[in-house]
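In the two complexes that follow, subunit A is the common piece, with subunit B as its partner first and subunit C second.
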Partner chain A sequence: MSSLPSAPSKPPIWRDIRVLRWAFQLLVLALVMAMIYWLYSNYQANVAKSNIPTNLLFLDNPANFTIPGNDLDQSQPVRDAFVQGFYNTLRVAIVGIVLTTILGTLVGIARLSRNFMVRAIATAYVELVRNIPLLVLLTFMNLAVVLQTFPRIENAWLPLDLFVVSNRGIAIPWFEGSGTVLLTVLAGALIATWIVVKLRGRSSDSTGKPARGLLFGLSTFVILVIAGWIVFGYNWVLPFVDDRATSGGLRLDPSFFALLVTLVVYTSSHIAEIVRGSIQAVPSGQAEAADALALSGGQKMLLVVLPQAFRIAMPALGNQFLNLIKNSSLGATISYFELTQIAQITVGNGSPAVPAFTLTLLVYLVISLVTSVIVNIANRRLALVER
Partner chain B sequence: MKKTVSIMAALAAVTLVVSGCAAAEDTSATDDTSTTETTTETAANSVLASVIEADVVKCGTRDALPGFAVLQEDGEHQGFDSDFCRAIAAAVLGDASKVEMVDLETADRFTALQSGAIDVLVRNTTWTASRDGAEGVTFMHPNFYDGQGMMVTSGSYASVGDMNGAVVCVAKGTTTEGNAALESSRLGLDWEIRSFDETDLILEAFIAGQCDGWSSDVSQLTGFRSAYPNGAEALTILPEVFSKEPLAPAVLDGDTQWAQVVSWAIFATIQAEEFGLTSANVDDISASTGDVSIQRFLGVEIVTDGASSVLDPGLSLPTDFAYQVVKQVGNYGEIFERNLSPLGLERGLNSLWTDGGLMYAPPYR
Partner chain C sequence: MTWVRRNLFRSVGDSLLTLVFGALALYVLWGVIEFVFITGRWEIIQVNLKLLLVGRFPEELLWLVSGSLMALGFWVAAAGGVAKHTSEKPPSVGAKIWNGIQRFGLLAGVGILLIVLSADWDSVALGALIVAAIVAGRLVALARNKIGALSRIPGWVWQPLLAVAPITLIALTLSQASIDLWGGFLINFYIAIISIFLSFPLGVLLALGRKSTLPIIRLISTTYIELIRGAPLFVLLLLAGVALEFFVPPDLSPGSIFRAVTVFTLFTAAYVAEVVRGGLQSISRGQTEAGKALGLSTTKLTALITLPQALRNVIPAQIGQFISLFKDTTLAGVALNVVDLLNVGTAVTKQDDFLGQGLIYEALAFVGLLFWVGAYFMSRESQRLEKRLGVGLR
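Let's look at the complex of A and B:
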């Protein structure tokens, strides 16, 4: 201790913080790798002992089962069954995300309403639904609502003679054929609507008169769709009860309906809270400024508050969308033929469990990652560009 | 974009770890045998050794199939399959109560066996080629020969051929799904086949009128019919039987010793019925009989010219295993009458071969 070390001397290697950090990280990595290796070699040894295949060749075996509402022949390979399951998962996820966003936003706004009844109902809805386990809600929806409340097919409800509601599903009017005519008309109408809204905005900018984009846009859309119907016809087919099934129209599987409603109701209670919080996070000066400009209540919400609220809400909404997609796997418990149900069925009929579920897991992962990429892109476009 | 990629990479890594864990959970229970070096003694690797060491047989079964396995209010399982679980315990451990019933979902049963969560599966499971092959399990002698049938509400249909466009409900992950689909396309009936996790759910759907038909093995349908809330007369089992369903206990592939033990526990019940041995008379007969084949079977000392011997065929079972099975559980006929006759099931194919049935045990000598 007689002479102080010179200032920049290197510490010994076992006390060098950079070396220690590296060493620690490498150690953790090595431990994790060793753990994975150990688990994997155990798995290998066990499957080798019992001759269980570890590859994906089982996908070429015949599926041997059919899927309600899908054209899967039982001689088609397991691969096709998985594809149908994937479509069914996407079907409930996409419809569910759209509906739950709308419902959640409405309930979220209602939570802040000045009207006591509206506010109380919205609060009760959120608190009730949010505090029930999803599986219980789904089982209840299936057993109590769809099975017991909906009538048997013999005395199905026929509201307006447009729908057929029974515990074998809900049939709605649908167009016959591929629907190209309808889709073309819809696409055309959408483009025309967009142009009209843009033009209105421009004329409003130059004249100073209110744009009324919503009014003009919506009427353009409706007029074009009706005109398309008169000119081309959409081949609407109304559903009807045919013996013990429904014919015509589009039949929504009862389990699809139960799963969809449950997911929408459940997720929207969470989304409502996110929307409420985000609206409250918009500085109150914004709403006051809108009042000062004499905007109506609707305009204030639609043009000033909500766009800013959604900027705040977007990342949290993305999470809820991912939850909804993953929760759709609970459909397997009520006989909705989504990915998990397909995996369970094929495993019960001779497909090896580990490869089949690894595949299922990866498909969910891909769906979720793609969704989060989309949400991230949307988020980036919504985010404030700061200079 | 970079951030997204790194998040994706992290997620992928996490998934790998998680899936690794999941795979390990499936298999870890049998690790002790897989990682140790191979010994010359197969017995050390056999499930038999671990069963004897644990002093309990873990038997994969179910909890709500009338006649075959029902979990009673007192926590005991009662039924045909449950009794075969007990017969295995009686044979191996000498005590029919040393059995742990593990209730399994239909879709999980093979995984449970593969992972070593159970030692033997006696769960109303149909023996098929692809299960034998791809699931890594070996089936034993069937303890029940069954066939798939269709149950409907009385008066709705007279035969399977009438059920055009019907909704048919089945249990998930079973051979039933495939058989129903096959029958539907063979008869050109365009059935909508819905599969459910649990028979309770099928029951709910059936009562509510979501299903026109309930298809399953006839024995199961008979059981459910007898327990139907609105009375058995409300349901009719249609006369057609459209598949072969040999229901057999199963063990893991690659363990011949354990497989033989389980086989002979089942054979013992059949052989005992053939000999006329029942749980009531087995004590008397074993004391008094002079029939050498019965003495061999029961592990009684055979005295010839002053020298006495007991037959030990080398199955790694106690020599008196058949006695224990018959004494504690009963012969095949007793097990059948105790559990299945009350449901109204006939012996049929499950009669002894001497009565024109399929129940036949190899000779015990």
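Let's look at the complex of A and C:
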């Protein structure tokens, strides 16, 4: 024990772990760079040979096509068509996410129902839809249901006289005049309702009397909306068939309708499984405690189980929302003029393919990033605050 | 009786639900039965059966496909091995048969349906041969368990030995019939299987890279995974359809199936990476620490301890990934004009004999059925496997 080395000698450079780590990383980086450079130089060479532009100047060229349901002129630049496509993607994505969350939650609850019939139907729905390719469902919805089964406009179906269903699209009741007045009234009523519910909750906390937030909130909402109706006079407009077209109401394009329904149905089958799993993951003591407090079945679900289930489900739900947004690109296969369809048409009209599709991919990436930021914020709000 | 009361008519509201949903179920069921047996005109499927299943595959080489199917059946049955029963009591014969029907009844049903639709003796013979090959596979697996000499052959000799026949046959099929002639359901399966195998090593590397302590490697892997995951597959396929030739040397002219496999491989790798990363994170710290205590290097630690356990844990999720890839292969039909099942299914309704007769229901029902059975079978098997592996139980 007398001859301990006074200081560990430095290892040679080829065995020094710090040197090795960086050497390895730089090597991999160089390989990846070389690969990218190879692809890029191929691209440059090929493009130069056939005189294809590599920049985004094509956005200023005239579009040379029109978009149904939109007053885009043929001579307007491609840029405007892309913006319109972006709006159409957002339209189907936002409406789809709202509807699919509702449908998926209902089916997920139904899968755990005590009623055998309800449970069996929900299971059959989920297993049927989940295992068929989305594109097959979409093609079926478009070719078989909308274009073949829906009647021509002359003998359109008029269920309850509220809707007009034909192969020209679906018309639903909508509000007359500008939507802004209505939206303002609805937003005002919502804020007022929220304040009332909060105030009731606070007074209930201090006095111990029951809050009855639902009762007070709903009545505030209804009273305000009716008051707004009397003051501003907005009105329902029912659609009707008007000589080979529909008038009044809101007309949904057949392709929009087919895409929306397919995305909602397909995604809801996945969401139902997530919701089911999350409900089962809520500790059973919670439901038992709700029973012990003599809450009704609906109250137990709405007030105790579902809020905790959504806390568990939120990250997976966010993934499904992202999937729905990305799957909306399949609208291009049924001529729904969303982002991908616009890119495809403009490339067909002579715009350079690589810049056009790269731009499209970037837009999808931004939409995805914004969505996941929103989901993360929601997740943080919902997450259990621990010490 | 108690079952009925408890599950269907517990209360007034419950009874109402039962009646409403029961009526709905009966209505839908009746609609399906009427469509399948009365109103459906199925000759469009019968006439085009070969086109739907294998596309324009040359008639005289079809025996290669049949042979490959038999060899694959033999291989899966033999390599799958004999289940080791962990329970004390071995299941009765009746339970075994019932179990078999539950697992494979659907596949057998579709096989019978296809034979009935094709309505010739060749397909009956083919069906019988495939069944015989599967039985032979089971017998070989059983023999390996029971006969001493066979059971002493080590696994790394035995498994490749079994795989020789199917791989040779598939390679022979590929070399005889140009891949561009493949089509129908065959091409959906082919693209899915090739892509999942090719994407697997890349995915594992990306997952290791993302979990690595080396910052540059982590950055590269994470960037790749997140970029791919943020992109719609359909747009990538369209891009490959018009622009892949720009990125390779001009003398290489990629065909549409090559393009499809490239995109599916690069795309799936990112998702496989996330699945494997989940598996790596599920390994408890004690495993790594034990490896370090034994003085293993990082490479050995990964190759011998963490990765094998992680891969074993993610087998079910991996099957899930394969199912979604299998379903997504339909996109190649639209984006790249690959003659896949869905593409053929919509095209046959435009044939002169069938044009304008509204046969799209029949065509898409058949297409949907094949995909549904394939995906449903695989998802059931993966659930079974999940239970057997006991993922999440330990």
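Just a few scattered comments:
Assume the second predicted complex is superposed on the first by the 366 of 387 C-alpha atoms of A that agree within 3 Å, B and C clash if a C-alpha of one lies under 4 Å from a C-alpha of the other, contacts with A are read in each partner's own complex, and residues count from 1 in each chain.
Methods note: contacts are C-beta pairs under 8 Å (C-beta built on N, C-alpha and C of every residue); 3 or more make two chains touch, one makes a residue touch a chain.
All values reported here derive from a predicted model rather than from experimental measurement.
In the superposed model, A:S268 makes contact with neither subunit B nor subunit C. When the two structures are aligned on the shared chain, A:E127 is found in touch with subunit C, with no touch to subunit B. Shared-chain residue A:N88: touches no atom of subunit B or subunit C. By the document's definition of touching, neither partner reaches A:T220: not subunit B, not subunit C. In the superposed pair of complexes, A:G350 makes contact with subunit B only, with no contact to subunit C.
Legend: residue contacts after superposition of the two complexes on their common chain; A:L361 is shown touching both subunit B and subunit C.
In the superposition on chain A, contact of A:L39 is made with both subunit B and subunit C.
When the two complexes are overlaid on their common chain A, residue A:L330 makes contact with subunit C while staying clear of subunit B. Shared-chain residue A:M117: touches subunit C; no touch with subunit B.
Common to the subunit B and subunit C contact sets on subunit A are residues 32, 39, 42-43, 45-47, 49, 143, 148, 332-333, 344, 347, 353-354, 357-358, 361, 365, 369. By the touch criterion given at the top, residues 7-8, 10, 14, 17-18, 21-22, 24-25, 214-217, 220, 227, 229-236, 238-239, 242-243, 245-250, 323, 327-328, 330-331, 333-334, 342, 346, 358, 360-361, 364, 367-368, 371-372, 375-376, 379 of subunit C touch subunit A in their complex.
Those residues of subunit A whose C-beta lies close enough to touch subunit C in the complex are 21, 24-26, 28-29, 32, 39, 42-43, 45-47, 49, 114-118, 120-121, 127-128, 130-137, 139-140, 143-144, 148, 326-327, 329-330, 332-333, 340, 343-344, 347, 353-354, 357-358, 360-361, 364-365, 368-369.
Residues of subunit B touching subunit A in their complex: 4, 7-8, 11-12, 15-17, 19-24, 26-28, 30-31, 33-35, 106-107, 110-111, 114, 128, 130-131, 133-137, 164-167, 172-175, 177-178, 181-182, 184-185, 191-197, 201, 204-205, 208-210, 212, 252-254. The touching residues of subunit A, counted against subunit B in their complex, run 32, 35-36, 39-40, 42-43, 45-47, 49-53, 58, 61, 64-66, 68-69, 73-74, 143, 147-148, 152-154, 167-168, 242-245, 254-255, 332-335, 341, 344-345, 347-354, 357-358, 361-362, 365, 369, 372-373, 376.
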